[in-house]
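Next up: some structures, all given as structure tokens.
Two complexes, one shared chain (subunit A), two partners (subunit B, subunit C).
Up next is the complex of A and B:
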């Protein structure tokens, strides 16, 4: 594959570079040949899936990498046909419940029942041991936190009933949306975001392998750590932006300016925030509304916008009590955003209140 | 003529033999002839009812002789009573008029069929009758596309230089997808244009597309049945010409069919329809390729079981929303599939838009709608002024069909509900439109106390005329949105403080939480009262210039663009190879990171900046070798990424400005480029820069892509050959038992066949020998030289 993100994605547990203790315990888990249901959580770009696949590789061998996409059709109770994609290898399959909308309960139940009712027989190993080795199939559920309550409740029983044939690996960003019964039935594995030092090390490794030219020593001058710091501790983003930087110049200049890949929406949020800070008036409020509409139209989630503006305002504001007020307002509107559906109301409300708080 | 009925009636009756003269005397001759009613014949006096309602009595001819005498004497004296003559002439005239009027009323009645719905009655029949509504360009695009078919359908000569047509003269995209909001004439336009170009229109819509066959119950068969019957229907429509019978003889010049699939996004089985369309498309593609191959090689090597058919009739699909999101829950990528296959024409609502520079666009469109409505109102004698028509158009939001409906059922009594009139009891029955209410919310009556005024408005909204608005989710939402769009202006002109917007934000939050449930709708409408409390003033219209230009359409546009961008992300993700999907964060569409940074960064990667000449590369530099090493690397990399992610390079022609622009498909630009004052460079210059760069970069990329294709093909072949060598090696080792020997032989054979097949794919210069195995052709397979040698 042509992108570095893909090219340098570790395929084996041995190749994983950071979070050594987690890797060790995963390895221990895999060596027994069996493992409990897993709930892997952590921020995006921290390597959850990479670890899951590496573990599967350890368990089942390279066949896990032979992925294919199936389109499954499913008829719901209201006689509607539902199509969703299932990513599968001979040993596992991966589903994303958000594809199914409100029908996820029925779909997941049916799918799991379907898989559980057919037992895996592994002939290749039967010669050696006499008994088939791995008789269970692994089901990976992406975005487990977007499962509806119903679906989660349905999962509780299924997890116990079919535990002989199925292992679930749930991947999510947080555990807050997952009901306690599920948490108690799974082994929680937290994958924290990689530290700046971790990312820097990986970037340096990639740079030497790709023989990127620098004007100065990238590690010494702190260039790579700056790239890492500018990517919100998201390794995926760090690698992508590093690749972009290295493509823009034949030899990368190691100054701070160059370490940031400025994305337009970030620039806009930054500039809007500073204008909110300096010009607290109704006419400026009106201007921000136009900007928010533009950002929302480009699929920037409202909560990201809110967060961006809030953090930028906090950076500009050096008054302690005002900062506290801002955070309070920000968290209030963050809640409103996630509960409500009309983002523009809340974004504007936040800006209005923040302007008043800054007075 | 006038005297005739009289003489007919009674002259021969013995009773009334003399009656005519009496009648003459009554001086109402003419009306009598039409409406005389006679009483019982035996009475001595006759009662006569006249047309004007008065009754007169007719007596027997007792007094007649004297009168006659006097008359005779008069005539004898040859003195004519001029007054009498005048009177007679007048009566004759009035009678004539009456007759005419009666005739007129009796004739006009069939025209005024009260049962007829006007939307049907005024359905345009010819192209000139179409209301343009700002969609003239779209009409032209449709007819342009249909015109291209005439090469195939009518065997007309076609211009090769038109562009966008294949070698048969058909348009590149075989389907036409018309999308746009309801009621602006999509269906009408498609029908009329197709008819105008000589097609017989066959329509398939949600009603007649056969959701399921009635007598098939088993779920498995049900599905195939539906698909098959649909297919049959579409195929029939496409292959048959309609034969019209005119009078008694059947006309020989039959018309070709143009299939119009209406409401494709809302039909219950839209996914089936699209599937069938997809099949048609693919079979057409295959048939077309075969045709082309035939021309090259002289023989066809078609061995597919299905009979591929060339599509030679146009198919037009009509949908409300080309980016339907609701189908996500049950349809998946249906509309995306269809969109990729078809030429898109998007109709627009006639609304007035203001560009950033303050220029109005779309005013003409609105005017044409108004004129159209005016035309109908004149025809129906409604005597509406332009003002009222404007109101109607605004209420219906540019939906022409809704306008006509509105006209028919409310049109006769359209009264503009004055804002002052809201206090009037008499206007209470009138329906208030949502924008009137929104206007009322910002208006305070200075003559009333605040409490009284509040009560008044509250009454209107909660129970009175505004109930119809506040009782429905969607209209209430419109009111709130309109208020939201307006409040900044009014606060700006009042005290310009931020306190009120702050207070409002809490109420809007309340609205957001409550407004979506039907149970608590009464509470939600309270929010509009809050708007009144905060922002109303006695003279709201002094705010002339809005703080935000074009505020009304801002949200709509933002939503539309979001839909487009979402579908871009979706199509990008669906094109991702599985592996890359994993490392880019999973191939699911709700992932925020794609919009946030993955796609922007990839956009940067696939449009590398060439550093070697500082951006001033002239167009003459078209070879890769003229670039520096680093730039070459960048180019190669970009090409690889483009190839892997299934991105296509496209050259598009904008129909309005007639400029060609070079775009990626999926169009990452629309996702990545922002139009904001808060950026250093305005969007126009950014686009210009990008286009200038792409002008010389796209050819380079294209050649690079082709080279990449070749490289990959070679690699693939090598890999296959290596694999073959491996397998033969292993075969040699395994020759132990007889069973395995034959198995090995078989494997060897199959790998050879495999190899041969692969070679077929890559090499066009193979020599083929016709070889019949046995004497029947029942089993046919490809056998190359290798097989013969091995055997």
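Up next is the complex of A and C:
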């Protein structure tokens, strides 16, 4: 029993359905002996990690799917013990240094050096499958864009010095936070978001495999493309919401209304935005603070909240000059959010300013 | 009233003529009559003003400029008069004016009564006071009149009846103080005499030959600190808290009678059921002194422990517990001269000073102590400053609560005067009031201050009072609530206030961590003064919110790796002063404690849970934490709870299948539901599931084995669960003091048990390690 999004994830490069040129070049890279360091970037839900794992499969064979999670203990300079989870197969490791917050440098330094200074000794895969043996291990670094400067600096030399033993695959949403020296040492692979047509095709495929019952032909009536369009070109989201829709009805009605899935937190953001728009008063500001605290506590990122409220206000507001003002305010507080540390201060500041602008 | 005013008006020219040379024997009444009446504001419209409106009007009223020459008056010229000041005087600060009046011997109560001889009235006087003046026909004068009064009153308040009475009273008091001082000195001399006799090397006596005579170093009285030199030697000399002191005495006196009753009989004042008592109160008011005096008075030997001793649970158990049912043998070693001593009568009294000072170093000390309070076989007196602290709650039921209050000026006065007399310092009685005020009724500090001043000056007159009051000012650190109260109510921003920007920044520096948070919490709940309408209010709030948000940027510069602490004053302005200036006004509700802290820790908790969830599901999903929460969790919650909600017990198995696929534990199931907000809120969903189904779910889950994603390698002791379940025993009170005997008997069993446990614990990680190696 699993969610469709995980059930129908392609495991091989051949099974990937869209961005064929990228797939082809990945395949070419994997077949040669010198696989470069990669920096894979693109919006979430575009299939970065799926491609990376498919490439690993191509490199090392099916054994990369034998995953396990280890807990490693690190000691910081201030002698604090930190626990850190590492996902690994015999041929690769996957780490998320940003889990450690400011201590990610320690992880990079200790763990990478540790792996890098030992050679790969298990060549079992090469004998069996005849694929060219690779003497290196692959280290996947998740959320590379949230690595601190220190950690990135620690990576620089490691990447060159130990390139005989390790290859890095860094995965991030943007390259803007990554320092130029790292960019220059890696091959940049951009995975763009899939087009609505791509998503629709995948949804249709899943629908037939799961034998979802529709009231009308889903492709013909444009229902699936509506679901795809509502997902912001995020394939994961599209699949998850498609499953949500088909879960709640035994037989899915193919009207536009049904194609929209609003998640719990989106509903709240929508409600709070309309109350900000209609009731512009100090007492309402105090009420929004409570709502924001609730959302923040439940791990909804502040920038998502800010974006949600701003877009909702823009939708409600028809006046062009006011809309311009709103965007200006929004961008100012967005910057403060990323520079400051107390999210609620900035969200409240944004709402207060927006209320005044709407007056 | 109009008639009366007219009458005085008619007399006015005459009064002016008299002024240059007032008859030396004139009574206060005559001189008062010569001063023109102040105009009373019209209160006939009698419109009811709300408290807030009044506050606002007060804030707007012109503040005193303080630029007036105060005439030099004759000593004690106002004695016998009772003066009330009301409203804002044009040139003098009200408190200054009151101090002047006090200095010249007037009584200055806060409200008007029948005894009031004159009211000095300023602008914006309270309407109720004005009405009272009219009703009681009390003489009302303006500030000008007050100054004139000062100029014209003869020394000692003239020849009026009241003045004479006051003078006599003052003289009586002085002579009493002198008497007291002399009596004390007499006692002191006698004591020294006695000491000399005692320390004459004892002639051949039995035990002196064995015990080497301890050379007791005599410290001469001049070298002692004043606070020791003039420490009360009898309970009569204690200032204030007479009632509490008597309660303490009667409790201690009847302690052994109560012990015979097994502390069952509450007695007349309800103190009979307590084995221990807890004295609480601010520092420097004689709590410790009172406890010692009474204990010694009643013939107890005092055993004192204070914050200088380590008082952890184990040490208390080893040191104090053994003492609790002892009797003193001091009597056996006492010299024959001690005639108080009766055979075997001497008993212990344990004084635990500074109980609230039990810090983290004294692990479990408070709990152990409160245990002792239940079982002690000798009286225990605990002393603390603040009883309201959470860690003091453990003493709530087990101790007899005696709250000491700060002694009032009158209670302190005689004592201070006595000391001054003995030290041959001439002090103006009126200055004591000031001393009391500046030290916040702290007797110890008053004596210390006097001692410091006396090094250079032997006469302390009213003239120097102003210089002293500045230097005597106790530097108190304000509490966050007071800081925010001051910042947000508009008074410090009014143009007449003499608060500089630095003074306002200083408010922030009282507590640099809490002030910004508290301002942010409360700035929405004010009614700004001078605010035109709601939209103006909103604009001000928006500006304040903008500033607060900008200040967070500064804060992160300060706290980040850059550590730019020089930005603190700037942060003070942006985070606290400027926002509160925008919205300053009346605070419309109770000041809240900073909610950010609680919310932040809640957020951290959920972040941790989310991280764990991500680790568990990581083998199956390919997403990061953020996406997991935003996209996965809503659907997962539906998949995990939906079947159970709709199908009851039949839905359990499908849910467990999903959980197993994603390596989720039963705790993760709760976590995922907990992440829901709004309509999908975890509690709302859980309510839909009947308790029976819930328990069935837990049972089914526990009855089978489930795959686990994470195994710990490296260290073999403890899993994540065991570290999470370690309990902090700081506040847990264990009943171990009662069952000492049982413990020894059970020791063998417990050893066996622990071995068993160890084995179980050791097995687990091995299994895990093996599996992970596969």
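As a working rule, the second predicted complex is superposed on the first by the 345 of 359 C-alpha atoms of A that agree within 3 Å, B and C clash if a C-alpha of one lies under 4 Å from a C-alpha of the other, contacts with A are read in each partner's own complex, and residues count from 1 in each chain.
Note that in this section contacts are C-beta pairs under 8 Å (C-beta built on N, C-alpha and C of every residue); 3 or more make two chains touch, one makes a residue touch a chain.
Please read all numbers here as calculations on a predicted model, not as lab measurements.
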item: Which superposed partner A:70 touches (first subunit B, second subunit C, both, neither); value: second
item: Which superposed partner A:164 touches (first subunit B, second subunit C, both, neither); value: neither
item: First (subunit B), second (subunit C), both or neither touched by A:275; value: first
item: Contacts of A:20 with subunit B and subunit C, given as first, second, both or neither; value: neither
item: Touched partner set for A:249, first subunit B, second subunit C, both or neither; value: first
item: Contacts of A:82 with subunit B and subunit C, given as first, second, both or neither; value: first
item: Subunit B versus subunit C as contact partner of A:237, first or second or both or neither; value: both
item: Set of subunit A residues, in rising order, touched by both subunit B and subunit C; value: 1-3, 5-6, 9, 44-45, 49-50, 53, 67-69, 71, 85, 87, 96, 99, 142-143, 234, 236-237, 240-241, 243-244, 247, 263-265, 267-268, 271, 280-283, 285-286, 289, 293-301, 304, 336, 339-342, 344-346, 348-350, 352-353, 355-356
item: Subunit A-facing residues of subunit C, complex; value: 520, 524-525, 534-535, 537-539, 541-542, 544-546, 548-553, 555-556, 559, 595-596, 599, 602-603, 606-607, 610-611, 615, 618-627, 629-632, 634-636, 638-639, 642, 654, 657-658, 660-662, 675-680, 709-715, 772
item: Residues on subunit A engaged by subunit B in the complex (per definition of touch); value: 1-3, 5-6, 9, 44-45, 49-50, 53, 67-69, 71, 75-76, 80-85, 87, 96, 98-103, 142-143, 146, 234, 236-237, 240-241, 243-244, 247-250, 261, 263-265, 267-268, 271-272, 275, 280-283, 285-287, 289-291, 293-301, 304, 336, 339-342, 344-346, 348-350, 352-353, 355-356
item: Subunit A residues within the subunit C interface of the complex; value: 1-3, 5-6, 9, 44-45, 49-50, 53, 67-73, 85, 87, 96, 99, 142-143, 234, 236-237, 240-241, 243-244, 247, 263-265, 267-268, 271, 280-283, 285-286, 289, 293-301, 304, 333, 336, 339-342, 344-346, 348-353, 355-356, 359
item: Subunit B to subunit A touching residues, read off their complex; value: 219, 271, 328-332, 484, 488-489, 491-492, 496-499, 501-502, 504-506, 508-509, 511-513, 516, 547-548, 554-555, 557-559, 561-562, 565-566, 569, 577-593, 595-598, 600-602, 604-605, 608-609, 611, 628, 630, 634, 637, 640-641, 644, 671-680
